[in-house]
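The following pair of complexes shares a single chain, chain A, combined with chain B in the former and chain C in the latter.
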Partner chain A sequence: MIGSPLTSKTVFMLGPVPITATVVVTWGLMAALVLGGFLATRSLKVRPTRGQAALELVVAAIEGQIRDTMGVSPEPYLPLIGTLFLFILAANWSSLIPGIEPPTGRLETDAALALIVFFAVIYFGIRARGLVGYLKTFAEPTFFMIPLNVVETFTRTFSLIVRLFGNVMSGAFIIAIILSLAGLLVPIPFMGIELLIGAIQAYIFTVLAMVFIGSAVRESGPAGSEERTEP
Partner chain B sequence: MRIDWWTLALQTANVLILIWLLARFLFRPVAEIVARRQDEANKLLADAAKVQRQADNARAGLEQARADIVAGRDKLIADAHAAAEIERLALLARTNEEMTRLRAEAEAAISRDRVAMEKLLIDRASELAVEIARRLLSRGAPAGSVDVFLAELCQQVRASSPQERAAFTREGDGSVEILTAAPLSPEAAERARGAIAEALGGKPVLVFRSDPAVIAGIELHSRYAVMRNSWRNDLERIREELNRADEPAKPS
Partner chain C sequence: MNVLEIVSIIAAAVAVSFGAIGPALAEGRAVAAAMDAIARQPEAAGTLARTLFVGLAMIETMAIYCLVIALLVLFANPFIR
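Our next item is the complex of A and B:
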């Protein structure tokens, strides 16, 4: 059962730091992802097994998405984008485990993800175009657009937070309400829908992060005109 | 709404740590294995291309060797044909030469045989003719005609050189035979003795003897000389003439 979406329940205190259930679940997800990644990559071979082929297919799909969306070589962005997608997907789907509150259904987690994307845009933008070059992007297409572009930088980050938070939190809420009203089996179709929504939200968040980073690192002009590497 | 800043900070740190961990334990190993596979595939392709090039080179070498063998075989065949042609022509020339030589030798032998046969036939014919003439003349030879022969013989003796006449008249050389076909009558013998002694001069010892082979006429025989005026002598001369007349007919 989920409580108020706007408050976090403290599980224990680590000195002065309150450790909430969201953080604990996140740690569990992190452990699962890292352990799964470690186990999956422990014995990689040049001649792949079926499981390795599936893993490489997932990674290749993420790389292809980065290449298609950002129009740049995917290697520098793969850890960030891939981790965002896998973590959000795992977090969204964790709501299906009874008694687990999805971390992405908490505002702090979504804000943390959006903050990371916010600073990643700045970092990759400066790295790709230099400080002056990155700052010049705020004057595009004209000098008078600077205020709007600055505001957009913050608002789109805020939109990331709100979109993910609203969708995941509402989905978890709906399942909880229906479960409390209709019994055990009725929420199952809604849980299926929640699976789909969780995957879609993970995909949307990741694609938007790629779009924001791509707009910062890519020179003006047709998308994919630079740094594109053919598969 | 209240933001739990501690949770926000922890979640930010958690995600950052997760990014690092997944990069370390998931994305980097997968990227490395993919890159390694790509490298091995490229290496495999390069090796395959190298093997392909080697195979192409080997095939080109084999084709060149085969072409050389074919060219060598053709050259050998052509050389053999040329040598055989030369040998054939030489053999033909030798055969022609041999045939020409054999034919010439055969023709020469045939010619020689023909000449010898002709000479033999002529000789036989001459002998036959002389024999026929001898037999015919011996039947009808007149005994009284010896005076004609005697006169001519005496004239022949007188026309001879003194040395020839001396061969009949030298003393100690025996007698001079007067040979006739039939014995002479005493009158005829006396005439002959007188005529011959007068023709020879000196005092020869004259002895008469008859020989049918003389046919007709008279002959003088001494140890060193003979003088004839007889048909036998004439027939001998005719036969010799006939034989000599045949000589120019010999092929050169």
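Our next item is the complex of A and C:
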């Protein structure tokens, strides 16, 4: 992918809508995740088999993270957070399959994911506090912070987009450059690092989503001295 | 190759090189502090390492922003063409 990382090539047209390679890969990932989830949860037993134990480990780990980060009961948030994490992880690691570019290395996919988080914050905030209560959180420390809080709502979404896009895209870019300079087998250590970065970025995206939703949901705002994320 | 393209390439190089200095220093400090903490309290190494990785990725994002700007200048420059 030595070409421009900001444009994507069209594979075919679906009526008037151009379908890019990124969208095809995303559909494939969605199908694989849904099919895998369906097959894995088809026959759940009280006494778990090996596969079920591994699945329960993943779900329990995500639940524990939500409880640690947000400080609330994880049930309402587990589907969204877990899906976000698993999808981004699968998307980042899909670059291991030859010929496939990770969908998260394109601006559009990241923008869609960050928009989901943006609206989820509003939805959960209004559900937990009511419309007036949610709007009051914008005037949280003092009344004068309203413009800053409104701006922060948008800049942190933009920051989510650029962070995921930049990390994944730069990884694929570096591997492509090294491959063109040095040839076969040399990029393998970099691909190992890329796996680590992909996992960390998926983790960070979901942790930030949890922090944003948690700050909108939690009662008595300044109680948790959680990390203030950069703009 | 006109002046604008040459300036764009130089600007991209400058953006990446200077944008990498700050995060590099910050990551060094963060890792040093984490090493210090692990040396004092080895039983907390797991939590420290996890927090360190997240923090490092946050810091690294600053350098990534510069990289994105450089790529914008190189590939999606609104002033060329």
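Definition applied: the second predicted complex is superposed on the first by the 217 of 231 C-alpha atoms of A that agree within 3 Å, B and C clash if a C-alpha of one lies under 4 Å from a C-alpha of the other, contacts with A are read in each partner's own complex, and residues count from 1 in each chain.
Keep in mind that, in the parts below, contacts are C-beta pairs under 8 Å (C-beta built on N, C-alpha and C of every residue); 3 or more make two chains touch, one makes a residue touch a chain.
Owing to the predicted nature of the structure, the values given are computational and were not obtained by experimental measurement.
Looking at the shared chain after the overlay, A:S170 reaches chain C, while chain B stays out of its contact range. Contact with neither chain B nor chain C is seen for A:M191 once the two complexes are overlaid on the shared chain. With both structures placed on the common chain, the touch criterion links A:P103 to chain B but leaves chain C unconnected. By the touch criterion defined above, A:V211 reaches neither chain B nor chain C.
Counting residues of chain A touched by each partner, chain B versus chain C, the larger count belongs to B. When both complexes are overlaid on chain A, the residue A:I178 reaches neither chain B nor chain C.
When the two structures are aligned on the shared chain, A:Q201 is found in touch with chain C, with no touch to chain B.
Where the contact sets of chain A with chain B and with chain C meet, they give residues 6-7. Contact residues of chain A toward chain C in the complex are 4-7, 159, 162-163, 165-167, 169-170, 197, 200-201, 203-204, 207, 229-230. Residues of chain C that touch chain A in their complex: 53-54, 57-58, 60-61, 64-65, 67-68, 71-72, 75-76. Of all the residues in chain A, the ones that touch chain B in their complex are 6-8, 17-20, 22-23, 26-27, 30, 33-34, 37-38, 40-41, 44-46, 48, 52, 55-56, 59-60, 75, 78-80, 82-84, 86-87, 103, 106-109, 111-113, 115-116. Against chain A, in their complex, chain B makes its touches with residues 1-4, 6-12, 14-23, 25-34, 36-37, 40.
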